[in-house]
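Okay, so chain A shows up in both of these, paired with chain B first and chain C after.
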Partner chain A sequence: MRHLLSTADLSRADAVALLDTAEAMAQTQSRTIKKLPALRGLTIVNLFFEDSTRTRISFEAAAKRLSADVINFSAKGSSVSKGESLKDTAQTLRAIGADAVVVRHPASGAPHRLAHAGWIDTPVVNAGDGMHQHPTQALLDAFTLRRHLSGGEGDLAGRHVVVVGDVLHSRVARSNVDLLATLGARVTLVAPPTLLPIGVGAWRCEVSSDLDAALVGDVQGEVDAVMMLRVQRERMTSGFFPSEREYARRYGLDAARVDRLPPHALVLHPGPMNRGLEISAEAADSPRSTVVEQVANGVSVRMAVLYTLLAGDLAGEGVA
Partner chain B sequence: MSGHLIRSASPLGGERTDLLVRDGVIVALGADAAAQAGSGDVRVDADGLVALPGLVDLHTHLREPGREDTETVESGTRAAAAGGFTAVHAMANTAPVADTAGVVEQVWRLGRDAGWADVRPVGAVTVGLAGERLAELGAMATSAAAVRVFSDDGKCVWDPVLMRRALEYTRAFDGVVAQHAQEPRLTVDAQMHEGVVSAEIGLTGWPAVAEEAIIARDVLLAEHVGGRLHVQHLSTAGSVEIIRWAKARGIAVTAEATPHHLLLTDETARTYDPVYKVNPPLRTAEDVEAVRAGLADGTIDVVATDHAPHAVQDKDCEWAAAAFGMTGLETCLSVVQQVMVEDGAFTWADVARVLSHTPARIGRVTDHGRPIAVGEPANLVLIDPAARRTVDPRVQETASRNSPFAGRELPGQVRWTFLRGRATIADGVAVPHADATGARA
Partner chain C sequence: MPDLNTTRVVLETDEISRALTRIAHEILERNRGSADLVLLGIPRRGVPLAARLAERIARAEGDGERPAVPVGEIDITLYRDDIRRRPTRGLTPTRLPEGGIDEKNVVLVDDVLYSGRSVRAALDALADLGRPRTVQLAALVDRGHRQLPIRADYVGKNLPTATSERVGVQLVEVDGQDAVTISDAVATDSATDARRATR
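== the complex of A and B ==
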């Protein structure tokens, strides 16, 4: 693995290996001294063209716990309006000797360009690009699901995950559909038709616009997890749905819907949550909600990704 | 003035014959040609070469005035000559916009002085391409540039009332309104064809219906007012169907397809390489098939390049930040050979029809797109259909490098281009026009 750009690039073996490495990383995080020497002397640049304090901090913590040096580079405002800046920035990174670049960008494909345009020659980790992919988010979701549903090992074969909300604009949904399908899970996307992309029919999942029907489950098996997507409030004014109230009623996860889930089923949300829109306060704070756990798992997964890209060849299975 | 004796060329791919070209005119064919040739006439060995009338492009962006860093009238027409073109229509979306007699005359004059190909400026339909009020279409028509094609290309003439008026008004001087069919509300922020690939790679989709809805509206408007409509760079199967229906109904509509829409699909966007970013976007394999079929059965009248040169920095960036467009003058004929001739759908006479005769007729260019016959203007191209080449933008004549065919092997090579009897391309090499006054003759 040279870069991590999309979960679609991961084979089942790659994905399971990353999750296993993340599990090993998580074990180290319960120790008093959390820091590992694996990436000592290496410099990782967090290149963020779009604000995301949560994701940046998570990557920063992961890199530092592997003893890497971290440079945070915020280039917000210089992205799409001035296209040359991505290339210019890449060349700056090359000059300062970055060993890996973690990039967040509002334009789909920007990390792919960074990895393949010949501007730099370092591993690139996609930390979220436009409406395309957010692979480490999907990995931490899969990690969380695997811990609860598969005893923290192997894949997610036979599990059923319902993903609800703004699929059209969601890199989280795209990454999850690819990864969960690769791991053998069954995925059902639920959204109003205006928030489903034309072309979604080719994805490795089922698609519905009826949340209650999807949550009931069917002959193929009950629901093991519900993943709620964040809804950007400005989608309402651009006419994707009539009103917040109607959205919350038809596609929001409230206490009543949670109660109809099987006892073991989980509730995931990538955060930050719009309480009262896509998820009610009761659902968000219910014992089934893994929202806080997902944040902690994010650090382990990102440690695993950085380790695999930068030290995997050197240390082999050393950490596990 | 000495002439050229072209030996053993195949006009339209037919019987080999000699042509004698003098003073800008084909003066003899066959045995007469050799008999009349003198020692002052340059001998051109054209054995194995196909002779076509000089190609006419209905859709070229020359970028001058305003973006001379990406192309000038001189460099763009040199590229045209290298691609076998002897006349090009220069789109109006320059800076300033070609929306007055002054600007169109300037562009026309630059083309005339450069001497590589005749430049027929296209006039803007609306002032500043703003889509609000008609430009002085009549003044451009009666200017020295004698504009006959009007287009806001790059933008759609969206307002149905303005479009109606343009179609009506241009009837007075036999003009044609060339429409860039793109419903703007359906394509806000659109980056590529809306479909399976856009859904997967997360670029905002550009639905086929955004093109088809405008074409459907415009053919009905053209029927209602009796104007001449030309649909630019048609790209979808549905668009082909609408044109087919309109023609069956007798509506005065013509349509063009670009080489890239005949060969490339939206799958190329998976590379996120903006060299494949173009307006309208590359569509699906089914659309490509339908466009080829439409060209084969005559529903689509012409191939036009939509040659759109861009600076390196406007393409060497992330997809969303990149400019739309790709170069095409120097690869057009090769693409048409590959997708139409080598498939057996086209003879060379068909190539002459879609790349010379018909575009000249649509643009009302009287001395191009003529038969290869005695007494006709010697606007000719000689191509070697057996040649193969790997496209290398660094050695092309255009000032820009954004060819979507870079690195691709294509058949065919222009060996000679003659503009009124003068070789602009001689044995594959561009011949600068030493004496600009010659072009004025």
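== the complex of A and C ==
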């Protein structure tokens, strides 16, 4: 694996190996000394063209726990705001001697361009691009699900995950559908028809616009997890739904809906949560909610990704 | 056509068994018993070896009342200095016995002692996990060619080798049989074999 750009690129074996590595990384994070020397001497650049404190500090913590040096590059206040192109930025990174680039960009496909245009020759990790992909988020969601549903081993075969909310604008939903399907899980997307992308019928999932019906188990089995998506208020400009109140009533996860879930079912949310809109405070704070755990798991998963991409770079040389 | 890849068995089941019994007694002798002793296996084959040593130590102590010697395993992958020179390797969990390793006499157990780099990595890993009183090293086979100033306290068999040769350790728990073999390195069967040979 050279880059991590999309969960659609991952084979089942790749995905399980990443989750296994993340499990081993998580184990090291309960120690007094959390830092490991694996990536000592390497420089990782966090290239953030879009604000995201949560994802950036998660990548930063992951890189630092593996002893890499981290340079944070945020577009705001940088030469990007003076009109510098992605190519020029990439060439600057090459000159600095970056060993890996973690990129967040508002344009779908920007990490792919960075990885394949020949401007730099380092591994590229997609930390979220436009409405396209957010692979480490999907991996941490799968990691969280696997821990609770499969004892932290193997894949998610036979599990049923319901993904609810703004699928249209959600890179989290896209990444999760690809990864969960690869891991053998059954995925049901629930969204207002206005918030479903064109062509969703070709995705490896079922689609519904009735949350209550989707949460009830069917002949194929009951629901194992509900993943709520954030309503991106900044993108709700053209009347995708009549009112926030109506959205909350039809597509929000409240205590009553949580109570109807099977006892083992989990509630996931990628954060930040709009309490009272897509998720009620009771549901967000219920014991089934893994929101805080997901953040901790994010560091382990990103450690696994950086380790997998950066260790073994000069494969085949050297003797122990 | 002559078989270029000649493999000789240098230790068989009962010889491995005797070597481990001897090492167990040497450990007890040097540490004056099994109090405060912890055995830590280095994956992969150091782990079953550590378990076998613990069993022999418990048997040698012989009063049946004493708890068995605590056994754990220590993953050294992230501490290797050749991490970027090899294909990425899978991590194995580090399992420390209850009570940890602080102020304990820790015996690291590995199958083959070669360059010493695995042991160096294990010492670094130990330093992150706690502060043992002493650290000792037990290896089933010492094949020489050290690249670091490291030596074993307990050795099953000293096996003079050429660097071109490969030493393979097979254990029932991992490979279905017990044997130590030495072969001329003609072709590398797999990364696993290479790693086994160079440990």
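Here, the second predicted complex is superposed on the first by the 298 of 320 C-alpha atoms of A that agree within 3 Å, B and C clash if a C-alpha of one lies under 4 Å from a C-alpha of the other, contacts with A are read in each partner's own complex, and residues count from 1 in each chain.
The criterion applied here is as follows: a residue touches a chain if its C-beta (ideal position, glycine included) is under 8 Å from a C-beta of that chain, and two chains touch if they have at least 3 such contacts.
Not measured: the values here are computed from a predicted model.
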Looking at A:I33 after the superposition, I want to know if it touches chain B, chain C, both of them or none. Which is it: first, second, both, neither? second
Could you tell me if A:T21 is touching chain B, chain C, both of them or neither one (first, second, both, neither)? second
First (chain B), second (chain C), both or neither: which does A:H112 touch? first
Contacts of A:T308 with chain B and chain C, given as first, second, both or neither: second
Chain A residues touched by both chain B and chain C? none
Chain C partner, complex, touching residues on chain A are 17, 20-21, 23-25, 27-28, 31, 33, 35-38, 66, 307-308, 310-320
Chain B contacts chain A in the complex at 191, 194-205, 207, 271-273, 313-314, 316-322
Residue ranges of chain C touching chain A (in the complex, touch as defined): 75, 77-80, 82-94, 114-115, 117-118, 124, 128-129, 195, 198-199
Within the complex, chain B is touched by chain A residues 8, 79-84, 86-87, 105-110, 112-113, 116-117, 129-133, 171, 174, 197-203
